[in-house]
Amino acid sequence: MLDKFGIAKRIARELQDGYYVNLGIGIPTLVANYIPEGIEVVLQSENGLLGMGPFPFADEVDADLINAGKQTITTVKGSAFFDSAMSFGMIRAGKVDLTVLGAMEVADNGDIANWKVPGKMVKGMGGAMDLVAAAKNIIVAMQHCDKAGNSKLLPKCTLPITGLGCVKKVVSDLGVFNITEHGFHLIERAPGISTDFITEKTAGRLIINGEVPEMIFD
Amino acid sequence: MRKIVKNAAEAVNDIQDGATIMLGGFGLCGIPENCITALVKKGVKNLTCISNNAGVDDFGIGLMLQQKQIRKMISSYVGENAEFERQLLSGELEVDLIPQGTLATRCMAAGYGMPAVFTLAGFGTEVAEGKEIREFNGKKYLLEYAFDSDFAIVKAWKGDTHGNLIFKATARNFNPLMAMAGKITIAEVEELVPAGELNPNEIHTPGIYVHRIFQGVNYEKRIEQLTTRKQEHAR
Amino acid sequence: MLDKFGIAKRIARELQDGYYVNLGIGIPTLVANYIPEGIEVVLQSENGLLGMGPFPFADEVDADLINAGKQTITTVKGSAFFDSAMSFGMIRAGKVDLTVLGAMEVADNGDIANWKVPGKMVKGMGGAMDLVAAAKNIIVAMQHCDKAGNSKLLPKCTLPITGLGCVKKVVSDLGVFNITEHGFHLIERAPGISTDFITEKTAGRLIINGEVPEMIFD
Amino acid sequence: MRKIVKNAAEAVNDIQDGATIMLGGFGLCGIPENCITALVKKGVKNLTCISNNAGVDDFGIGLMLQQKQIRKMISSYVGENAEFERQLLSGELEVDLIPQGTLATRCMAAGYGMPAVFTLAGFGTEVAEGKEIREFNGKKYLLEYAFDSDFAIVKAWKGDTHGNLIFKATARNFNPLMAMAGKITIAEVEELVPAGELNPNEIHTPGIYVHRIFQGVNYEKRIEQLTTRKQEHAR
């Protein structure tokens, strides 16, 4: 089973040289720590920055320089600032190569729910609906099951939808799943996790073709 | 050019109860601190506020919430704000949550004379309820209308006496978009310089969009999520 | 009768302190030379400039700095450059206080034709259609009659339309006319021009209420 | 980042006959001189060109017209160009004249993922023929579609190895809008610098929109209407 760092590390393998990437809050943010050697990616922060760098040293903190999670950050060389309309403009126009998001639920047709839980105080969707509706490649980083052990990979979302049919891939603590027209296609198992266990924990349609390799980390 | 006003009190002086105002900023970054303080002092009520966020309990728009000056918030994310939550649950406060990109684009539409725009965001969700849907090239879009606001209040880094504005880093965010969208636009700036001192190639908001400008004082620039790394992590 | 300089001079009186003004090619451009003392206006050039200055001295010429008529120009203090989308955005949003244009024909309901003559090579409308459709205050600077002596202030445009019902005022070589729901309202006569002569030369509906003053230049 | 190409020839190498290309510039100001020369040399034919103007007989897009490389021009004003006129009258060249603001906004729409926009320009004119009209707040607007172009070719003042661009003065014009709108965007710049040398606050076109970049050579920057005043007129 992967911990959150393992999930981030696995997702980082999806990065390609020259990619522009938007990383959501939570596990997705950790992906930045595992960018493979020799690959250059540019991180977009939807509040208006391309070329997000690591957190600042204490003496570098600038209140005017934050990411979409409102954390103080830095820039890297070649960065650019812009307003929020251009920021979502480039997202909607498909210029961002990859978006990594967390989710409460994903359906086997790619629907995603990650903004609202009925009965709980709603904080708002922020940029999530824009990102899921428009990004051309969305990977969801999530725990496979909720705290009660119920699958969050479902035949249909039960929570209010953030976007329809938009998720391309899910990396959970149990494995890696491509979303296909026939459902979640398991392409890698997390270390030590059996296909039987994954089958048991996946409520949505699951496709397992032959031997599914266990993921290997170097 | 008679755009210069003395201070925030003069700038917001004619904002009446029931007005619709836009407030720039993302989180607590790039918010018009001076004008918010002046609005609190003025005690104007029943406002509709368009702002991506709603501040925190004791800073930013949260200060106006504490004084119950806001009837309706139009935002994308209202964050951690106990008083906001209390007013929302008690029905005192109306909230319209809209996707962040839609919020930004509806501001821009107003500033660009576009009555409405089509966006993918929210299709198939409750945001789409009651909205016109239209398909282009096999994708479904929502029709979203340009904002109509009486005042836009923005915060810039530098400004000149013609109202030209330059923003700093991610404190730009919604500020230039809202600056374009207000019937009356008020800009508070950290540094106000005579016309001619800003490079015309580097202006983010041309002065034509700005009606009142003043140099703000005592910026706190509170940080919502201070995150740092330790020196030993340096490469 | 006014010459083109007189027309420009008369239009300049319509300027108010703090106005943002777009001046078209031809007579409108001359208006910039007659801005009254004590009044500050900012000239917009729709190719992307606020704060247009006079033509450059020979040693100041910059190929990257032109106006919408493609003439080399200068900037004044407080100028700003922007792209063409923002430029027409501010025009459409009604931020430009006054637009001064030339015209081939104006109708007594405010319709204007100034971009195309059937049978002649069409060069294009450039920004004219955007300007007339969206500007909140449009003054037309024009000769009252064509070379054959036919009125260009008409009951209806005969040439292809540039915009409908958008002209607010006409300053011709013969007089100043507000466009009202009842037609061209003559408010000033050019020096030495009689109301009878104006009546004769105006094909569209003309309103003359009592004595019409002759314009006075200082 | 592997955006840097050697020169214009390499940058336009995969532009095929029949392609739709956008070309930045207003008049002869801010036009991609190097790429135009390379396109002429390459001899690619049957192009649809989206550009505010069509150059003059012996400079700019006029050079491509001389070689009969263009099947269709989409422009707002085609100016003084004898060969253009000849081809148009003989039916060799198709021309789509559209209002300048509409042209700009249809570029921006493409770059901002907006499939269509509403504009006042052209209502009641022949430009509106066959177009959808819609009323908002008592005014009538035309529905105009975002451009769909294979390549955008722009000229900037400075650029960096990440593709970030800064334009100079009114040479900005359509360039940043077209830069956003191409499926593949090619930028030629007067000065190409390493990433980190441009101030991120001053970037007009973020590098995400730019796929290929090179430092151009031998810019002529021809002036279409040289206008000067005499020294004695100085105040």
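The first chain written gets the first letter, and so on, giving A, B, C and D; residue counts start at 1 in each chain.
To be clear about the criterion, a residue touches a chain if its C-beta (ideal position, glycine included) is under 8 Å from a C-beta of that chain, and two chains touch if they have at least 3 such contacts.
All figures in this text were calculated on a predicted structure; none of them were measured in a lab.
S.K.: Comparing centres built from CA atoms, which chain ends up most distant from subunit D?
M.R.: That would be chain A.
S.K.: Where are there more C-beta contacts: A-D or C-D?
M.R.: Of A-D and C-D, more C-beta pairs in contact link C-D.
S.K.: How many angstrom between the C-alpha centroids of subunit D and subunit A?
M.R.: 36
S.K.: How many angstrom lie between the CA centroids of subunit A and subunit B, rounded to a whole number?
M.R.: Result: the chain centres lie 28 Å from each other.
S.K.: Need the CA-centroid distance for the pair subunit B / subunit D, whole Å please.
M.R.: Distance between chain centres, rounded to whole Å: 33 Å.
S.K.: Subunit A: which residues touch two or more other chains?
M.R.: In subunit A, residues 49, 75, 81-82, 85, 88-89, 91-92, 134 touch at least two other chains, as defined above.
S.K.: By residue number and range, which residues of subunit D touch two or more other chains?
M.R.: In subunit D, residues 105, 112-114, 119-120, 167-169, 200-201 touch at least two other chains, as defined above.
S.K.: Check the chains against each other and report every pair that touches.
M.R.: A-B, A-D, B-C, B-D, C-D
S.K.: Mind pulling up the subunit B residues that touch subunit C in the complex?
M.R.: Within the complex, subunit B contacts subunit C at residues 1-2, 110-114, 160-162, 164, 180, 194-196, 200-201, 203, 206-209.
S.K.: In their shared complex, at which residues does subunit C touch subunit D?
M.R.: Residues 45-49, 54-58, 60-67, 69-73, 75, 81-85, 87-89, 91-92, 111, 121-130, 133-134, 160-164 of subunit C touch subunit D in their complex.
S.K.: Considering the complex alone, what residue numbers of subunit C touch subunit B?
M.R.: Touching subunit B from subunit C are residues 17-18, 20, 40, 42, 44, 49-51, 75, 77-82, 85-86, 88-96, 134.
S.K.: For the complex, give me every residue of subunit B touching subunit A.
M.R.: Touch residues, subunit B against subunit A: 26-30, 52, 75-80, 85, 88-89, 97, 99-105, 107-108, 119-127, 157, 167-177, 204, 221-231, 233-234.
S.K.: Provide the residue numbers of subunit D that touch subunit B in the complex, in ascending order.
M.R.: Where subunit D meets subunit B, its residues are 105, 112-120, 136-137, 139, 141, 145, 166-169, 200-202.
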